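Heads up, the thing below is written out as structure tokens.
Going by the order they are written in, the chains are A, B, C, D and E; count residues from 1 in each one.
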Amino acid sequence: MIVDNALYHEGVRVPLDDGDPSLGHARVPCGRGDFQWVGIHDPTEEELRQIARTFDLHPLAVEDAGDSHQRPKVERYGDTLFLVLKTLWYVDEDDAVETGEINLFIGPDFVVTVRHGQGIDLSTARRDLEQRAQVLEHGPMAVMYAICDRVVDEYEKVGASLEIDVDEVEESVFSPARTDDSVRIYTLKREIAEVRRAVMPLREPMRRFVQAEVAGIDEATATYFRDVADHLHRVSEVIDNLDVLLSTAFDAHLARISVQQNEDMRKISAGAALVVVPTLIAGIYGMNFDRMPELQWTFGYPFAIALMVSVSAVLLWFFKKSGWL
Amino acid sequence: MIVDNALYHEGVRVPLDDGDPSLGHARVPCGRGDFQWVGIHDPTEEELRQIARTFDLHPLAVEDAGDSHQRPKVERYGDTLFLVLKTLWYVDEDDAVETGEINLFIGPDFVVTVRHGQGIDLSTARRDLEQRAQVLEHGPMAVMYAICDRVVDEYEKVGASLEIDVDEVEESVFSPARTDDSVRIYTLKREIAEVRRAVMPLREPMRRFVQAEVAGIDEATATYFRDVADHLHRVSEVIDNLDVLLSTAFDAHLARISVQQNEDMRKISAGAALVVVPTLIAGIYGMNFDRMPELQWTFGYPFAIALMVSVSAVLLWFFKKSGWL
Amino acid sequence: MIVDNALYHEGVRVPLDDGDPSLGHARVPCGRGDFQWVGIHDPTEEELRQIARTFDLHPLAVEDAGDSHQRPKVERYGDTLFLVLKTLWYVDEDDAVETGEINLFIGPDFVVTVRHGQGIDLSTARRDLEQRAQVLEHGPMAVMYAICDRVVDEYEKVGASLEIDVDEVEESVFSPARTDDSVRIYTLKREIAEVRRAVMPLREPMRRFVQAEVAGIDEATATYFRDVADHLHRVSEVIDNLDVLLSTAFDAHLARISVQQNEDMRKISAGAALVVVPTLIAGIYGMNFDRMPELQWTFGYPFAIALMVSVSAVLLWFFKKSGWL
Amino acid sequence: MIVDNALYHEGVRVPLDDGDPSLGHARVPCGRGDFQWVGIHDPTEEELRQIARTFDLHPLAVEDAGDSHQRPKVERYGDTLFLVLKTLWYVDEDDAVETGEINLFIGPDFVVTVRHGQGIDLSTARRDLEQRAQVLEHGPMAVMYAICDRVVDEYEKVGASLEIDVDEVEESVFSPARTDDSVRIYTLKREIAEVRRAVMPLREPMRRFVQAEVAGIDEATATYFRDVADHLHRVSEVIDNLDVLLSTAFDAHLARISVQQNEDMRKISAGAALVVVPTLIAGIYGMNFDRMPELQWTFGYPFAIALMVSVSAVLLWFFKKSGWL
Amino acid sequence: MIVDNALYHEGVRVPLDDGDPSLGHARVPCGRGDFQWVGIHDPTEEELRQIARTFDLHPLAVEDAGDSHQRPKVERYGDTLFLVLKTLWYVDEDDAVETGEINLFIGPDFVVTVRHGQGIDLSTARRDLEQRAQVLEHGPMAVMYAICDRVVDEYEKVGASLEIDVDEVEESVFSPARTDDSVRIYTLKREIAEVRRAVMPLREPMRRFVQAEVAGIDEATATYFRDVADHLHRVSEVIDNLDVLLSTAFDAHLARISVQQNEDMRKISAGAALVVVPTLIAGIYGMNFDRMPELQWTFGYPFAIALMVSVSAVLLWFFKKSGWL
């Protein structure tokens, strides 16, 4: 579905004669420095084919743009740049990271943005950008920068949410309560792996933008991409760190299971001793010897019970003291 | 066995005078831009020797082509390119990945494809390609591209099947049932190692094709190989990710074994307490003291039994409450 | 808050006409080789904006300077260098590493230092530097060197404190006492990760200073940065080493838990035997056979008790000998 | 000991006037393209000194050649190449990998091969090579190729033997039998480390031969070394893979020990229940209450025994059903 | 303390007019190719300052030379080379590796060696070198080579000692005796880390000497440094290998602890059965049924004892057979 379609002249949106955005795929002639920006969401094959025809896009790039399982990358086809970005957002209800995809075709006088799935709201991004004519003036590369910036900002938010999750896991692992944290740790590791797959491959395209190795990016623009690259670097450090922390937390979890088992075993043994020793005493007074003076005592029975109780009390005291109970 | 042998003129199959494919090894004279494509399956040494003589192939390459345990690689011998590809396919019945091998000799006016084992069906690949004259027109490199593309597509299918397997393992590990998942995880790790051995070494040849470092590949062709390289990259990321997930799943499996042992131990101990405490009571009333008032009570015996039952009931309630039973 | 503001002429502090440091953001005209140094602490947005206007700083760098969660980096904006340093210090009370941040803008004739949080006391650094006119003479780069040197010196102190902590953990792990060291090890690993995040990214800027790849650094200055880089390298080696030691210590901790569980189990079993065997003897003499000669013996009862005691004594001796008790 | 000494003229062995090989160290004058090949086995210091004098070898290289604990390497001393190879062979009886060493001095018109220990039989290699005059014709580099090829072929055989060993370990780990596989796995890891120390450092010399970076190797010869390098690469992949598999197998081994311990614990507990519950029943009927109707029953005793047996039978059935026995 | 001070002319020691070595810091005028060698041990700050003045050494290098906690490195200050080496030696009594430090200042016509701590005896090294005038003739670089060579030789000895230690640990781990090897393994890992910190950073300086990237080293000298670099490489391989072996040995140690616990548990359970089953029998004959024929038997009591013994014997035989005892 074509979501929006406009011409930008000196950084300002120009109303197209034909307001119907669905006709956007008819190429709009541009003046020097101007460009057309077509936004598409979950396109049909037919829509992609029309767009491809209008802007003369390479079939391999168009094929990739129709598929929402690309890895982040930048590719040059003639004078058109093709950029794939993964979008990430954190769903609080599920403690889960969701992924979407944005494909950008950036030509000398046009930008085509193809969004798959939810995530970053490109129309807000467009409206924000339209407020900043001095940025839009720089043409298609400014649009690419604005979108990359927004996508990477979302990465940072996701990173922050995962940091909170890891803190929770950490607390749970070291709490005295018996918790089975392995499922939680495993799930978080999976999420982190997913974030990594979005973040890591994007570093190479960013590096190329920063070093102005890509035609159309001058030094001034590169400075802005350096900012994005720096944020990306920060996210990737956060992610790496969380991964290592989770592994360490998991090891600590294993250690605690062992320690708890040990404590349980000692508690159980101490508890058993409290029963087994009186049983022995009972057994002794259950023997059938003819001559057992205690048996004839008036208070023999209370004496035996008292003996059992006091031996147990001594044991209890001993086990408490030595930390077994 | 020579499976097929044909001349391609401007991308179109030309019937050879002598339709007998077994005579294919007699070199067919080619016009400019035309090429001959000989397909062989599990060749005998004699067949390889004849082919080598016909197309003047280097003895070291021919030796490699006769052996089905090569690692993926590309080598240049004079103006002939020698490419080794591992083919992979997933056998549903065994949950196993099988491997085959394809060797390609690509000369300026010929292609020789040598297939070992099952896997990719090259004759279908050829028939598909024969439908696309505009691709075949590009000569031998187009054939190489088509085969690489198909082989890597199979890798992606194998990767997807393994992802399902890993999901199953994951579910099994975290299910409450007691499952011994270590065999399954080990087997999957082995399969993944096998896939990795097919996928990883192929990245270097692809990189060289993409960067048009190999004579015979121009920029337009390189774009197509970039597509293949990108898919290859995706597969390798999937594989790496699965490997890491399996390791984490294995750790979680270990943790669960420990947790279960701990739970078992507590269950057993609680169960034992239910028997041992009544035994102590029985022991007490089995003592032979002259004066034990309960023994003369009319309802002494039912009282003792009731005492045992109620103590056990209290213990049972206590253990249930504290999660030991 | 603007903390200090001065002009340095030939390495000597020149009293500004207007002594009010809060007016420091009004640019002071400099002679050749002279420079102005403005020190700010936890600036408001307004202060940053004024400073930016005065020294014509790039908006992206100013934005970074306002945020205290940057990663260490050096960036060039026109002829201004922007350096981000993390400061570290060890708080004895909490056994914890705290982090702050220093941002430096180094222009041809000015230095702006922006400090976030506690940590390195820049005013002391400034006063020390003012004692060494022959260093200050070298201009803004000398200030940058002095601050880097001081920051890295603090890193070394932090490294030394962590070494002591790791030694303590090590001692605790291998002490015969039962200690649950996993929390401590985990916390230390977290601290080390934090130190690493301050230290590691700084190596690349230092490398560039050492190799005089950054305009404004000549070979003589580079020699001084080489010294800083060398110290940084030492810190990073210390940190890496501590990390590895902690991992090994953790593994040893796990092993000891297992060994202790084993010892406990043997102790418990031996203890149980000391009770269970006499119980069997008591059971035997509790049997109701008509003919059991011992039962009629005068000293039958003491004999039975003696039998129990001596069997237990033999068991005790045996378990002591074989190390079970 | 000088084992063999001959002059090769146009690839054909020329009988030396003095057939006594022990005099071989007297330099034989060579025609253009001809070369002398001296083979030594476990040389004395004196022999090495003579050879060094005859062929003007560098003292450092000669010192290395006298020591059988070199690491694989290639070094150039003037126009002489010095190559160190580790030989490997698998001793079936001990399931062990043994290592030897071959040093090669390759000059423009001579080859000196110094063999330490057993392993590759160089005299067979020489005889094989003497059959192939067209190879020997290429001079000393052909000898170097032939020996490298043979050494690496042996590596592949060793790799194959280790693969069988790892398969056996794997089978043992996953067999239901209780096997202590840790010794075996440790030993195999040691062997693999030894193989790695022979294989890995050789890759760099081979790379240099393949890229014809070494004087005396032209492109045609490089093609042959590429074949050797390829085999070496294969071996190193096999070795890496085996190492990873062994680590995974070891983890699985650990998991199985835990699982077995758990099963044992449950078996033991179930067994104990079969004894403890009847003991409780016996205890109850051992109580001394005046009124216990069962005690007067004619079949009270058989009833009690039957009760014990049937309770045990129920428990047995229950434990069987729930998999504890 | 200045230990020795001499002038070397054409490789031969020249007696200085003033034989008092403590005056050595007065610079001695040298002829072409001659050089002065001052040896210092644990210098005071004052001594260092004098030496620095005499030979015009850079203050940063002098500061480093006064501190015995440098990392190995080479640095160029003008035409003076500053080299830091760690010395290692193995103390048999403690099974410990000790470290010292040697700093070298190498100028065009002087060498200053500063030794911290024990370890390599530089005066012996000097006397050995004075025997080899043809080496000393090469000037200061020959001294640097001789010291590096000696230091690295010591590394190899330390490596060999550690190999013996690791062999001992290995034997202990796999011995049937119950040994707690984790302390030993941990300590060895620490030692190895210390060796690594001495060895690894030295590889980069050596590489630069070998590739003659350092002024003053010609190709002939580089050949000698290549020998040192090769030995260094060998040591680092030995160290890496020992580290990996220790990790594997530790894992095996963990596995054995588990296996032993399992065996203990089975032994204990079997032992318990030998007591518990007779107790049940005693309990049965302790029941108070009116009609229990065995109780009236003449040999009822011996029969009961015999029953207990034979049941225990059967159990014993069974447990022996199944390996539980």
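By definition in this document, a contact is a pair of C-beta atoms (placed from the backbone, for glycine too) under 8 Å apart; a residue touches a chain by one contact, two chains touch by 3 or more.
Quick caveat, the model's predicted, so the values are computed rather than measured.
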Ask   = So which chains are sitting against chain B and chain E at once?
value = D
Remark   = Rotating chain A so its CA atoms sit on chain C gives an angle in degrees, to the nearest 5, of 70
Inquiry  = Measuring centre to centre with CA averages, how many angstrom lie between chain A and chain D?
reply    = 43
Distance between chain centroids, defined by C-alpha means - chain A, chain B (Å) = 26
Ask   = Where does chain A touch two or more other chains at once, residue-wise?
value = 254, 258, 261, 265, 272, 276, 279, 283, 286-288, 292
Inquiry  = Edges wherever two chains touch, nodes for the chains themselves; is that graph a line, a ring, a star, complete, or other here?
reply    = ring
Ask   = Order of chains around the ring, counting from chain A in the direction of chain B?
value = A, B, D, E, C
Ask   = Can you name the residues of chain B that touch chain D in the complex?
value = 58, 60, 64, 69-71, 73, 75, 77, 180, 182-183, 185-186, 189-190, 193, 197, 201, 250, 253-254, 257-258, 260-261, 264-265, 268, 271-272, 275-276, 278-279, 282-283, 285-288, 292, 294-301, 304-305, 308
Ask   = For chain A, which residues are in contact with chain C within the complex?
value = 170, 174, 223-224, 226-227, 230, 233-234, 237, 241, 244-245, 248-249, 251-252, 254-256, 258-259, 261-262, 265-266, 269, 272-273, 276-277, 279-280, 283-284, 286-292
